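So that we are looking at the same thing, I have put the structure below in structure tokens.
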């Protein structure tokens, strides 16, 4: 067979790792760089896309790429420790090898959004697929009207990408709103659930695109509240996740209704999504 | 396309010419038939009925090594697929199923393993003169002598086989055995037509799928899904024996430092199939899984590839341990529309 | 068997407020098929059937119920489940009670004394299945096939299912309501299947089972149909640790089948369902019956007959055989 | 913090103990190639201080978090290395040892083979150590009190020792008085002290000791919990006599309408007592008890015009309304001192114990020679209707001992000596009696025993080696049929009195205690100790100890010694005030447990119970482990069909990779 | 069977009796074949019978399980469970054609160093007779 085999991953080296959160299901971020220079230069992902990452002898897992292509010739993955593969991934340290294939799926149509105000609404590890959009907008600041980020988690310890928020609030036209479920000492931001915070901020639907990602229950209420705020279905985007094995629309399992999340998704506009019966199952 | 005739007296000779070429044919093992390699001096007899396990495993093995590697090393060695093979006696429905599955495996990104095997196999079909009890291929655009997907079709005319070449691969095969063949005359062609129409008449079951692909979304919450799936055991019989089911799992296996990544059939009827690591399952019960199976075949696949992913071979009906009958389900679906 | 009585009894049971549904058999969609049916109202009871074609062991549905997460505040449906059982099926119910698989007070067992069911494969071999559903009835010692207005006598010794030849409990060992008269237990046949294998030497056995297990396609119907395979998360599906690889080949298939048979040792109630449903025709019954016989002969234990019994695999006797110990 | 296992492998030369047969350098080189192994070294003595320092330094320098020591048996040095890595800041359970000495270098000769095997053992250890989990041992408070079941000499002695050490003792006795079997004895061998004289003070002490709560005429109903924290329920049976009011004057018994009608248990049925009674004059507590089975009022509801006892009791202590009372308390340790039953001689019908009044048991003989006994110490027996002073006396030893036909293969250890003692006492009381002892062997193994045996023989007691086959009556004599096996002479010996030297048997009611405390029996049916040599007073249930004859036949000094041993063992948790709970216990995965209860059945420690939990809105049963009771044996796990219960450090997912390493790696 | 075939034996020993017995064999410098490799478990009752299957599948030619003598189990009853489980497994394995010579169970107490040697010798010898285990061993040929 040939080098065309889409199931064969590229080797990449872990350059840097850090923990975003703690606990049993902690999230660890990996910054990886492909070993092969050609791969490095030819790799081209868009915000919202995923990659199959894994370890030979253990397996693979579909993870969203949590960096924007504008950030440099590297990839970032923020992985929650859950099953066999993610546990093994968590054992990787700088210098170790990770296998990567992709990028998979569609992406946020960021280039169709030029001139718009972007609103991201994220919860927990759901911020990972949103982060590339944030970074992309930051890198192409002149092309967008502005960006508002709402991000919440159960506790301050469960927030990912913590170091990046301060700097963001300082930039013009960008704003960052953080919330946690329960009051904590020293927490200088909002307390409450993400959907409520959305209502409280009362963003205008005009010329705005909303993208949201987080736990299913959060998404449900965010969608509900977005409707209350007057957003049209076409203005709302989210990403889905399902169990995947191949990443290229063959293995069958990731379908939500007639859509393969790995190919037709993971990004869906609510206009499409609302007709997919299994989307929120 | 040409039509040739092979006198059955020359059958052993015909086989003899093919056995060196990795010939596979149906073989009775116990009570069930399945495709097996034909040994050197073996002369397979083609009998009525279809194999219990569809020949999809020829192009999509139940377990297939994708690549091997050494633990701690990053060199991945793919298996070399280069041996051509001949599948003799495949039924038209199963060949048609391959055409249907081809669409998926070549959709957007090519699946190298499947497509390579497809390329290497020559499908020599055998028209059905005695369709099975639960055959309903005619409802789905197939038929006892449908040629879709075949390279060569054989029709049993009693004392001889009519050989119709369909593709260049088929022609190539025929040319290798040409000295055993004679040109078929019009009478034989007529005999074939008669046999086929008689055979069609023997097919008792049917599905009226008109309106089903479009109608299924509207039946999403219909109580019928609960009732048709109530007795389902959640086993993989229906899907594993289905010639169009193509789902697979990918696993890494290690033995010492030796390891491989391989894929193996999986079934949407298994609970584990869609189970997230978090414990959440988007299709938590057999109701959702049965609904997905029917929708996948009669709705999603149609949406994507414009063809129903069912060829009416009847295997899932024959072997369901609890008599869940797809024809019956589709009848109820139709009724509910 | 008086079907009217059965249907009437069933109708009385299903209308009870504390009953969720009754699981029974109904005529299948063609040939000799019989389908399990979940009767929820009195009218549904009219479909019920009890005939020599009712091979399926419905006890499996007691544990097959999926307990999906309930929305907060929603109560689980705690109504009872009624089911029809033959002798062998009732042993499954009993064994489930022993293993806490079900609560005795959560089931209503409607016992159907069973003179033995037919081997539908043998029947189909001799009298091929038709598109139209056929009926088979008990007729004295024998069975009778009703098809196309024709009655064909089916001699018992030719058509009785293997599991029934070896059945020790034709009458339900546990039941809340019994429909029909108890049947006389019959003389047991020899277990030729098991003995045939015991008569082979090791190489022959190895060859025999290699051929059989190689056929396995790991569809898991044997496991899923088994009323006593009811772990939420079967160890043979698990990947951490991996007992059996997912790959389908002789080695893994053998491991799967050995593990399955071992887990059923002292638990299998010999209903023969695993063997019946196997699409690859692997004689799984021989494995299970072999173990059941060892358990009976060497350890004096028979599962599924006493709801108060200590589970075989969770007990021992100080004088258990130990002739194999060095 | 890292999830990555970083393994250090330390291969020990053990001087030349290992390195003479195993090429340790090769093993270390091989280890370095195994996954996650960062460091592999050899050293002459890993267990030495420098060896341990080597490991500790590597842990710090290389960030190692898993350690393998390939050296001697883990049974030898596992604690050493656990401690060492703990001192370096690692969890002590991140250690695995490869036994390449006892099970490799010392047992194999071929260097190549031994080296190859060592490699595999190291690979297997690496496979496991990567997957080990950090474990924490826990401590719980221990209740500074003890429960002692049975107030014979063993129970009394243990109670006094523990109470003297300052701990509370609950002493539970089934009968109305403490004292047990020893109180029934006349003299003790070989010193011939008066049994009552040495026992009574102790009985009195234990009743008056401020730290002892004596619960006589009481039975333990329930014991739950575990070492340090046993929850005990005791049933104080109704005496129908107000314990506080009764002065022990005895007026009631004297006036009882059924006075002296019932066989006295204390006198082995040879004396009589009333329905209201004191078991024996020195009984402690000196409180009367109404036997509900013999009292007219309690059995028939009526006793003349009214119960006489009630009438005469000046203290107004009689109370027929009294009911059983349940007392609950907590203790940290339990001592079982339930004693024995004398062998029931009627199980040897050939000796005619049921047929002839002048065939009596050793226990009856004790009462007969006792000054406080039914005959006031005169040796008199009925021969038929006639009361005689026996002149021809035969003792038969090993009745019910060393006798497979009655299921007792063991030696009762005391019969040889008590028979000698009783022969001596008869010689004392009937100087002209002809005394012979039929024996199989004479076992005079204790301090002063052989001397005493010699003395008795010198007192003209004939020892005849033979095991009588039958006793029958001929005229007014009993005939002992026996073969003198030393001379091979069949004898028919005519005698007036036969004393059966009955052995000691486990108590008939020991099953109750076994069930209460989940104790086991040894093959002789006495309670099973934890180890026959090294833990003779411990049981498999932690915090439960054995004292006295419930563990096996013993004489008084052995019983007292064991009671003191049990007392001091029981005091360990009490004195520490804490008990350690093992970290290597079983754990249930509640998500996959199907609640079948197999593990509950299997667990020998009742450490597992089924509990109801809510699983996504459904009530389901799952197993739960009481970590304080679990010993980590793992039997539950091998019996769990869904692999849901797993012993920590010995989980399937830790052992299967070991198997793979041993099987696959060449 | 190759001339210099050496069987590969995996043994499961309980910590308290058999492992100690094997240690004693070492202390007593009793020599026995090196084919045996021990996995220590706390009790023979810990040995999941499926370990035996797994070991054979993964390359062992023979398996040995050894525990305390009946009645001597450190955990009172574990070896009784082990005995019942292994008795059943042995019947099953034999039935599917696994040579019983590949599978042994023994009682070896902490004081029976010599018995341990005998047990090992017997196990190795029988496994040698039975030859390399092909049966359902995982084979690369399938890969």
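We call the chains A, B, C, D and E, going by the order they appear; numbering starts again at 1 in every chain.
Here is the rule we use: a residue touches a chain if its C-beta (ideal position, glycine included) is under 8 Å from a C-beta of that chain, and two chains touch if they have at least 3 such contacts.
Note that the coordinates shown come from a computational prediction; the quantities given were computed from them, not determined experimentally.
Undergrad: Taking each chain's centre as the mean of its C-alpha atoms, which one ends up farthest from the centre of chain A?
TA: D
Undergrad: Quick one: point me to the chain whose Cα centre is farthest from that of chain B.
TA: Here the answer is chain D, farthest from chain B.
Undergrad: Where are there more C-beta contacts: A-B or A-D?
TA: Result: the pair with more contacts is A-B.
Undergrad: Using mean CA coordinates as chain centres, what's the gap between chain A and chain D in Å?
TA: That gives a centre separation of 65 Å.
Undergrad: Suppose each chain is reduced to the average of its Cα coordinates; what separation in Å results between chain C and chain D?
TA: Their C-alpha centroids are separated by 48 Å.
Undergrad: Starting from the mean Cα coordinates of chain B and chain D, work out the distance between those two points in Å.
TA: One centre to the other, that is 71 Å.
Undergrad: Report, in whole Å, the distance between the mean C-alpha point of chain C and the mean C-alpha point of chain E.
TA: Centre separation, chain C to chain E: 36 Å.
Undergrad: Please set out, as single numbers or ranges, the residues of chain D touching at least two other chains.
TA: 591, 602, 639, 652, 656, 660, 664 - these are the residues of chain D that touch more than one other chain.
Undergrad: What parts of chain B, by residue number, touch at least two of the other chains?
TA: Within chain B, residues 63, 71, 249, 251, 253, 255, 262, 284 contact more than one other chain.
Undergrad: When you check chain C against every other chain, which residues touch at least two of them?
TA: Correct list: 68-69, 239-240, 243, 245, 247, 249, 313.
Undergrad: Would you mind writing out the residues of chain B in touch with chain A in their complex?
TA: Residues 66-67, 69, 71, 74, 76, 78-81, 104-105, 107-113, 116, 217, 220, 246-252, 254, 259, 261, 263, 266, 268, 273-278, 280, 282-284, 288, 292, 295-296, 299-300, 303-304.
Undergrad: Write out the stretch or stretches of chain E touching chain D in their complex.
TA: 8, 10, 15, 19-20, 22-27, 29-34, 37-43, 45-49, 51, 54-55, 58-60, 71, 74-78, 81-82, 85, 117
Undergrad: Using the touch definition from the top, list the residues of chain C that touch chain D in their complex.
TA: Contact set of chain C toward chain D: 67-72, 74-76, 99-101, 230-235, 238, 240-243, 263, 310-311, 313-315.
Undergrad: Could you list, by residue number, the parts of chain B that touch chain D in their complex?
TA: Within the complex, chain B touches chain D at residues 71-72, 255-256, 279.
Undergrad: What residues on chain B touch chain C, complex-wise?
TA: Touching chain C from chain B are residues 29-32, 52-53, 62-63, 133-134, 204-205, 227, 230-231, 233-237, 240-241, 249, 251, 253, 262, 264-265, 267, 270, 272, 284-286, 317, 319, 321-325, 327-328.
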